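Sharing a structure here in structure tokens format.
The letters A, B, C and D name the chains in turn, as written, and every chain counts its residues from 1.
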Amino acid sequence: MRLTAEHQEIILAHYRAPHHSGLREPYDAEVQRFNPTCGDELTLRVRRKGEGEQAAIEDVSYQVQGCSISQASVSVMADLVIGRTAREAEELHTEIAALLRERAPESGAWPSHLGDAAAFRDVSHHPARIKCALLCWAALRQALS
Amino acid sequence: MSAMARTLDPRQIRADFPILHRTVGGGERLVYLDSGATSQKPVQVLDAERTFAETSNAAVHRGAHQLAEEATEAYEQARGQIAAFIGVHPAEVVFTKNATEGINLVAYAMSNAATSGDAAARFRLDPGDEIVVTEMEHHANLVPWQELCRRTGATLRWLGVTDEGRLDLSRLDEVITPRTRLVAFAHQSNVLGTINPVPPIVARAAEVGALTLLDACQSVPHAEVDFHAHGVDFAVFSGHKMLGPSGVGVLYGRRELLEVMPPFLTGGSMIEVVTMTESTFAAPPQRFEAGVPMVSQAVGLAAAVRYLTSVGMERITAHERLLTEAALGTLSAIDGVRILGPTTTADRGSAVSFVVDGVHPHDVSQVLDAHGVAVRVGHHCAWPLHRRLGVPASVRASFYLYNELADIEPLAAGILEAQALFGATAPGPERSGGTVACA
Amino acid sequence: MSAMARTLDPRQIRADFPILHRTVGGGERLVYLDSGATSQKPVQVLDAERTFAETSNAAVHRGAHQLAEEATEAYEQARGQIAAFIGVHPAEVVFTKNATEGINLVAYAMSNAATSGDAAARFRLDPGDEIVVTEMEHHANLVPWQELCRRTGATLRWLGVTDEGRLDLSRLDEVITPRTRLVAFAHQSNVLGTINPVPPIVARAAEVGALTLLDACQSVPHAEVDFHAHGVDFAVFSGHKMLGPSGVGVLYGRRELLEVMPPFLTGGSMIEVVTMTESTFAAPPQRFEAGVPMVSQAVGLAAAVRYLTSVGMERITAHERLLTEAALGTLSAIDGVRILGPTTTADRGSAVSFVVDGVHPHDVSQVLDAHGVAVRVGHHCAWPLHRRLGVPASVRASFYLYNELADIEPLAAGILEAQALFGATAPGPERSGGTVACA
Amino acid sequence: MRLTAEHQEIILAHYRAPHHSGLREPYDAEVQRFNPTCGDELTLRVRRKGEGEQAAIEDVSYQVQGCSISQASVSVMADLVIGRTAREAEELHTEIAALLRERAPESGAWPSHLGDAAAFRDVSHHPARIKCALLCWAALRQALS
């Protein structure tokens, strides 16, 4: 896999100093997920207020055993979703998953509301690593459902 | 003899492998160190398949016209050449789609023995009976036996692995007991490179009347192997790991056993008489080859066997030993690199797996890939072994006849670069053995 | 549209098939009338496989390096193209080694359901439960169900065949009952050419809650088939009968069913988590693809699908109808030739089987072969059907897109010659229907 | 399959007017054998005097459903073995099977003591038809054992 220098930098920054990492209490849901391709795993906790689509995500905490992509991805995700509603998180998931699976390297930069997730654009050529990037999103969906 | 005298010249070999001349990424030379997963194929193999498709393609064992006869002849000739390569009789060679199917074939035949009459008693499993494997098995030689146990109520037991990555034979007599019905074990570990000692295991199995199955996926491609000499009852290997096409593998079964073993896949070409209510089955090997088989792939595998033979298996083994020795030396010398398994070439093949302290294997491979170096990362389908060794995953470099000493330098350089980029030297949380606890 | 407007020019097609330009025997033109057994392959398919082997060959779903990613991409793209060809979702396409494996996969999954928990209840078979097949099945769609019944204590029942070679649907409601758990039937008979009506069978199965499995080996290569539109639960076909390589086949399974179906072959690439004592399994289709798969063959099959699509399935069907009509006419006109199955092209494909009174099918084929005409003789893996029709064996001519009207003349001439040489007109014992009683 | 004209003539002669055909009584052993490639079958009866290798074959009678090769072969076999010992029959079987499986088309004519069996020489290029020619011999071995 090849990352452009700029994206590599962003990913390394999250990897070296992950945001919101650790498992915190209290929490409303905890999910453990394996990445079947590599056997890595993620434990994700969510604290939320309210129910259903409108639930507000108050905290996301996690412990991850995985590659730099998976670690950076959960760090970026925590940045993006804390303070948002479950519905907004779901929309972000859908949007990022679609962009990752699109495989159109030419299709310019990712929209700015995706924040540092834009750095994962290069991953979209690499099916195995897409799972690394989406592991945390899948866990979040499960934790919110 | 003369084959042994000359050492192998990988540059000459590489000329036969078109894919090795491509570049990857931004024009890097391809350094293919993933032959343990699948090997590349020489033009001789590709041409054999193509020629078959363009001249003699037909359904085998089913037609009476000239093409069908030529195809049948080519298929059976392939069987004969492959049998000779592994020292067995052609009727002992069953073509499967891969080694995994071969192992499943034996496992299902054993559960089918329950409803197959007295002739198959040898294969029957009752609750309380035991199957023995080892802790270093590939999933292909573990999960089918777990499932067989689940179907029959038998119990799975296993031989452990020492810290050095050797089979722990100290408890051999405790693990293999008169309750053992079958012992399935790898000839050579796909992770550690460890070559397991066949004689003591076969001897102990014989003592208690257990069958033996050798997973020879990682030995047959790399060394001269004679299944009769080894005295195993069954053995499996895959064509794609030995210069042959994908989609073809081999199950070897001792003749007297295949004769009485119940069928697995059923359908055309494996029957004797079929009525609406019941069927009887053909003699082996046909009994175990239901449906139109992978003919052109068998023809391709025979070409691979001819290629390997013409190079000389002993020369290939010796060449790989050279590479392994160099790789072990170079990698051990890197601070923070830990080799899994034997660190000398004694009883060891050419798969070299390692972890880089503080760097996830996938991050190592990402850097290597960016430099054109293709290695495998993950648990290599040997998850329990990785658990035993206390690492979730590893990086594996595996060598074959087309690799050269020059392939080791970019491997080492990539590891150093990965350490610089992702390593423990960088700021960030504590890291060990590729595992990152973010708390 | 434009594809429908133009009729197919077999001469143009034949240019793509190298094998059709060879001669056989003493220099005769090859008249290949055995596509029902296996088809020939165009250069486009051979080139696709070769290009893959020479540029992107690697183990799929296992590596993180560029080659492995390219190989995985090629493999999954192939799955997608094949899925589109048969109107289903890619996750519903399982690659097998042939159709036979696909049928066995479902049959073994059903017996494995006994030890697979409640999620798999849908597939469980108890003594007294019934499996329904038909009397015109290929052994591949009969013997696996006999064996499943033997393993589980279930009962095999079947729909009969009329003298005209049609499925006898008059007893449909008697044969398919609330005890029926699965109905497995051929879409198109490999002997008679008969195309069976899918809707009434699927409707009746739905009424009683039975699963359905369509053996589409002889339909998918020759006509547009949409499994979703047909509403079947499972379907199988083989690559080698539709211009693709040997060693690859497809099992289609309805998504909701594959989701809960227990695995069959177990090993690498189909697992989720593996420990020494137990394993969990991946989502479909991976759950059903254990071991390194037949990657280059899947890539070749996708190329075959593209080739067929570019010619146009409707044009192919129409072209075969033309040939079948001509063959039925020519052969019926020969005294002593008896066609098995429908004698018009209504609901009928292009396999034309027949017997020559007083001449054994193998003797017919011997004469035909001497003139370069390749037909299949025997029971064509449909022995019960032959028994039902009162003949031990038959001669089958089967057509495909590369056959021409000119192929029929040497077929007819050969039959006449065989009659002259071996026929009832010659002195000797009474002969009938290819059977010779020497008493 | 291609037969030389001369061999074809011999086979046709046996096929059209098979020697010793029919199932006769009394007999000491009866064997039924299928040719799995084609599903054809042969019923063979043997009347013999004595036991073991030295048993004298007094009669061979049969009923066959099969192609011209299988029919001619059993007719030729009956000619060859009636009046011989079990051991001689076994030797003939071994010799003919070896010649058929040798696949050396160049290797001249078959020895004259094999009589009309020489006509099967051409069959040796054709694995499927070798089974037709050997069906009766396999049945005879079984009947004598």
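The criterion applied here is as follows: contacts are C-beta pairs under 8 Å (C-beta built on N, C-alpha and C of every residue); 3 or more make two chains touch, one makes a residue touch a chain.
Treat the numbers as computed from the prediction; the structure is a model and nothing was measured.
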Distance from the mean Cα position of subunit D to that of subunit C, given in whole angstrom: 37
Chain centre separation in whole Å, for subunit C relative to subunit B (CA means): 31
Whole-Å gap between the CA centroids of subunit B and subunit D: 46
Separation of subunit A from subunit D, taking each centre as the mean of its C-alpha atoms, in whole Å: 76
Contacts with two or more other chains, residues of subunit A listed in rising order: 1, 37, 39, 129
Per-residue overlap in subunit B, given as positions that touch at least 2 other chains: 25, 63-64, 66, 68, 271, 273, 362, 366, 369, 377-378, 383
Contact graph of the chains (line, ring, star, complete, other): other
Pairs of chains, among all present, that meet the touch criterion: A-B, A-C, B-C, B-D, C-D
Sites on subunit C touched by subunit D in the complex: 25-26, 360-363, 366, 369-370, 377-379, 383, 386, 392-393, 421-422, 426-429, 435-439
Subunit A residues within the subunit C interface of the complex: 1, 34, 36-37, 39, 125-129
Contact footprint of subunit C on subunit D as seen in their complex: 1-3, 12, 15-18, 21-23, 37-40, 62-69, 71, 129, 132
Complex interface listing, subunit C residues touching subunit A: 61, 63-64, 66, 68-69, 72-73, 76, 271-273, 282
For the subunit C and subunit B complex, residues of the former touching the latter: 18-19, 22, 24-25, 30, 32, 34, 37-38, 40-41, 46, 49-50, 53-59, 62-68, 97-101, 103-104, 108, 112, 115, 135, 138-144, 146-147, 150-151, 156, 158, 238, 240, 245-248, 263-269, 271, 273-279, 290-297, 362, 365-366, 368-369, 373-378, 381, 383-384, 387
